[in-house]
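Each structure below is given as structure tokens.
In what follows, chain A forms one complex with chain B and a second complex with chain C.
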Partner chain A sequence: MMRDQNLLSVKNLRTYFYTEDGVVKAVDGVDFEIKKGETLGMVGESGCGKSVSALSIMRLIPMPPGRIVEGEIYFKGEDILKISEVAMRKIRGRDISMIFQEPMTSLNPVYTVGNQISEAITIHQGLNRKDSWDKAIEMLRQVGIPDASKRAKEYPHQMSGGMRQRVMIAMALSCNPELLIADEPTTSLDVTTQAQILDLIGKLQEEFKLSVLIITHNLGIVAEVADKVAVVYAGKVVEYAKTDEIFSHPLHPYTIGLLRSVPRLDMKKKDKLQTIEGEVPDSLTFPSGCKFHPRCFLCQEKCRTKEPPLIKAENGRLVRCWRYNEI
Partner chain B sequence: MGAYIIRRLLIGLVVLFFVTVILFILMNLMPGDPITAYIPPEVLAQAGPEYIEIRREQLGLNKPVVVRYFIWLNELVHGNMGYSVQNGEPVLSRIKERIGATFELTGTALLLAIIIGIPIGIISAVKQYSIVDSLVTLFSFTGVSIPVFFLGLGLIYVFSLRLNLLPTGGLATIGAPPSLLDKLSHLIMPAFVLSVANLAQFARYTRSSILDELGQDYVRTARAKGVKELRVLFYHILRNGMIPLITVIALQIPLLFGGAVITEQVFSWPGMGRLALEAIMQRDYPLLMGITTVIAILVLIANLLADILYAVVDPRIRYQ
Partner chain C sequence: MKKNGYLIKVENLKKYFPIRKGVFSRVSNYVRAVDGISFSIKKGETLGLVGESGCGKTTTGKCILRLIEPTEGKVIFKDKNVGDLSNEELHEMRRNMQIIFQDPYGSLNPRMTVRDIVGRSLSVYNLVQGEKQKEKRVGELLEVVGLKKEYMRRYPHEFSGGQRQRIGIARALALNPEFVVCDEPVSALDVSIQAQVINLLKELQEKFNLTYLFISHDLSVVRYISDKVAVMYLGKIVELANWDGIYSSPLHPYTQALLSATPIPDTRVRRERIILQGDVPSPINPPSGCRFHPRCPYAKPECSQSEPELKDVGRGHYVACHLVK
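Right, the complex of A and B next:
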């Protein structure tokens, strides 16, 4: 068994979906590590396998059609892909919690929010009804919901999107987990609420000494909250480095493309916003060689035929590109 | 909520009014002269047209339809549904003596359909595409397609004539001391026959409703916080999945009464359905009018109950 100071370390994770049309390699080689108290940002376009990676860590991939075909996920030194479902269930919500993109639909519409928060507390901490209800109210207070004891009795539809996401966070943190996985937690919220939720996560991270895996397609969010970044393309991590390094000196052509396609306020009128040519490949028919080669400005013969491994670059950075040092 | 129920009751009364208007018109459109039902055939053969006219006048049948309708309505409001042509008894008391048996039959059938149909629907959703699921699907389509009289006669043939396990019909064994077992042995076959179509329907709807819910985000949330799979199913999914089923069940209730007409005939069950059939055969217009009105009232009540149940189960629905 592995022993290191990483809270979570994902190695060569591969999660495939066996559909009628063929095998969808949603996650096809994802590696990253999260230390205690650290925040890792996972960036990539829609459908690149970010969410499936997160659900794989929770072991919540619908099986069938999905299956984790390869890889190891060490949590506190133990490979959680090898433990029983019963043991995994004790980890979910207690050691690793998750919040989702859609606060509108992620809460059960027929139960009060207090009820849904206290459910997790009852399950993991064995408190009685009254005590777990009080704890739920306390959690609502912590996530900044005013008049918590009254709002605990409300149903999800009586709350705004931002409030519901706060409820999700309260639920996720109610059992003092060590790792919070936030899957696009602010994508469906309006911009001011986004900032509030991110602030809240940051504040609670310190209070609860949390490690956070934040999944997003928004580079701004990554720059703001993440210590390290894993850039994902077509189910694979293509670049992995500290946040400031990624932004100041990206190594992978895809990362460069992503950064260039962010609009900036200091752009001149005549400057056109750059985009990455082409489209994300269909996961049923990935290109040969490097998955990014059809869209890459550095593409060479080797890139078309041979897929690059995650290459160790300077400062312990990782990059999946044959020609990274030519940039 | 209270105000809502009162408003719904008032609307129900209006609906009932129009239902009775339509029923009354339909009764009058039926071929044949109702007067012939009131005069014994041998008298009718000898009587001259003057006699028939006198009887018509006595019975009020010479008045226009509209007037007759309001006379009927006025009597209804005062708790009188008129008198049966066959034996002159008040329609209300004839219905009263039969309605209990029908409630027994339809109630049991509905209960069977719910307590069997919903669980097999749940199993078939959870085990989607398994052999169990295919069997349930096969059974459901058979159940919905098979005519009630055919199934009834088939079961009588097998269980009563061949196996000699169950009585062919009736409420209870005549002359035998009343016992629960005897009652149940008479009830089980007709109730099952009547419930089959509903049961199959409920199983199908439950299956698709649960499947819908299984894919919802809140289910993932529940699993992500470490809830056991059984609790996910019975605590989180079931309550959401049952909401659309309330409508389905409420909509089946009228069909249940309709089905009872045939089932009661097949199993000689002395209920309201058979009474309705007798009324049609005997051209007993007041009785038929009474029975249909009672069924209309029951259906309206069932719908109201469904609406109230909705609000109880689903917090998003609040009636003003």
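Right, the complex of A and C next:
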């Protein structure tokens, strides 16, 4: 794997769902790479395919109705879409782990949190019961839960939202994974708790030399934590670049529109929010050509009929737009 | 109402929810959701009410409209105390006070058409005679909020989140109210749709000279729409100022932490983040003295003993903190 230094590289991923109403192309051309120790931010609006991409990497797509119809996912040089389920089970939770948006529904309500964390340790590291319990308490301490040995005996409902998310993080990191996938980790939390959790992920990342894929709809979070950004629209990556470049000089009309439509703390009173016209398209009836063309201010005849590929722009940036160099 | 006066004035508003226990449902304690807050809003102005979940923002909004009965305090709307009104008087008053809810899915009846949802209040107040007139008015309202007239025959499930929120806004405007409580109206919407709805609310305010109480947990959104901002923590207002004062010179440590925790979508802006310790305490047994003192980075002994008053520090900037002189 040392060849290209990428811990994870996703190439042309397509995950479709075959429903009664038709084929939902939830992910339809997602490409990105994550190097060791790097943080990639994946931004997009609801239904754009962010979460389905993450679940595809974990191979947790319910099949049927879902199916990964195309693409390759290289983790440490090996295409994990081609390995057996048994081999995948060893990677999942040990090498790649995931935290979810809603900590309440992703923890089991009838087991204590210590029990749930030590289960993963027993399975992946082969420690006995007592050692894995001690390790679980140690993990809880590391994620900043006070009085960890007592809190380990509590059930999820006895904890606040922020505490539960810490438990999720402790569980995800208990087996020293190399890649952490965080799917909207702070969306259900208050801003001050969100700051605590983001701060914690950053600290642990340095300590454990983690690579992180953070999925969010919040551009502010991406600006604060990510090294690189993939902007996703209608199942496709439409722009991929370093975080600084995305914010200082966005190339895709959707990225530009998104940045102009977010109210910012440092706005002047006179500043007006600009909007992207129209609605996010329904995944059953994606428009022809470029998926963004009905809402785009640069739309031309070509955009309506022919879908742009991911074009290489300057500095190794990628953009899916026919007219990006006219902006 | 006097010229340049206040349209609405809230004085020492309190709402305690009883906790009942045991066979006889004896009241064992109270949740102090709103614990003595006062503010006023001028005609045509927007007051932004910010705070984290459970701080009492929504309860405040509902108490003002008397959708729930406040435990104590006065709400004076156009020189009348809303709390003293009889049922008939309240019915009349509600023409002027409306609310837009957070959840565009839960707040529209799925079995009613848009025409009936938006036109219901018109029939209740006998403002229209017959179906024809009702449809005409509903059509106008839909156009005002940027929807097509033809949509009135559809049901809520046929619309997207942003469109549903527009229907909710049309319903609130049907009676030409003067005052609208907007309870997290854009929190459930996608980023690109949020901006559309916020701009719509701003336009409507100018067009109809509306007065808003804008409740939100998102400081960036509040900054964009509000003239004045009140920051709430555990049922109390800790800071109140015009929008500029809150954002350029926040005085309360909680406001400072809240501002620094709100991410700015720009990598060129670098700020020191203040990370608060611990969680928001329970409103059943709020901490003694200043309610923020267990998490406050500057807490002094006096902070745990006496509760700070909300005092004027000049230019209409109010703050409740012992450390601000």
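Everything below uses one rule, namely that the second predicted complex is superposed on the first by the 319 of 327 C-alpha atoms of A that agree within 3 Å, B and C clash if a C-alpha of one lies under 4 Å from a C-alpha of the other, contacts with A are read in each partner's own complex, and residues count from 1 in each chain.
Simple rule for what comes next: a residue touches a chain if its C-beta (ideal position, glycine included) is under 8 Å from a C-beta of that chain, and two chains touch if they have at least 3 such contacts.
All values reported here derive from a predicted model rather than from experimental measurement.
Judged by the touch definition given at the top, the superposed model places A:Gly93 against chain B, while chain C stays out of reach. Of the two partner chains placed around the shared chain by superposition, chain B is the only one that A:His157 touches, whereas chain C remains out of contact. Contact with neither chain B nor chain C is seen for A:Ile327 once the two complexes are overlaid on the shared chain.
After overlaying the two complexes on the shared chain, residue contacts for A:Ile311 are found with neither chain B nor chain C. Residue contacts after overlaying the shared chain place A:Val69 against neither chain B nor chain C. Of the two partners chain B and chain C, more residues of chain A are touched by C. Of the two partner chains placed by superposition, only chain C is touched by A:Gln196; chain B is not.
Looking at the shared chain after the overlay, A:Cys299 reaches neither chain B nor chain C.
Shared-chain residue A:Ser248: touches chain C; no touch with chain B.
When both complexes are aligned on chain A by C-alpha atoms, no chain A residue touches chain B in the first and chain C in the second. By the touch criterion stated above, chain B contacts chain A in their complex at residues 216-218, 220-228, 236, 239-240, 313-316. Chain A contributes residues 45-46, 160, 162-163, 190-196, 199, 217-224, 243-244, 247-248, 257-259, 261-267, 269, 272-276, 279-280 to its touches with chain C in the complex.
Note for the complex: chain C touches chain A at residues 52-53, 160, 162-163, 190-196, 198-199, 217-221, 223-224, 243-244, 247, 257-269, 273-276, 279-280. Taken together, the chain A residues at the contact with chain B in this complex read 58, 60, 89-94, 97-98, 100, 102, 105-112, 119-120, 123-124, 155, 157, 168, 171-172.
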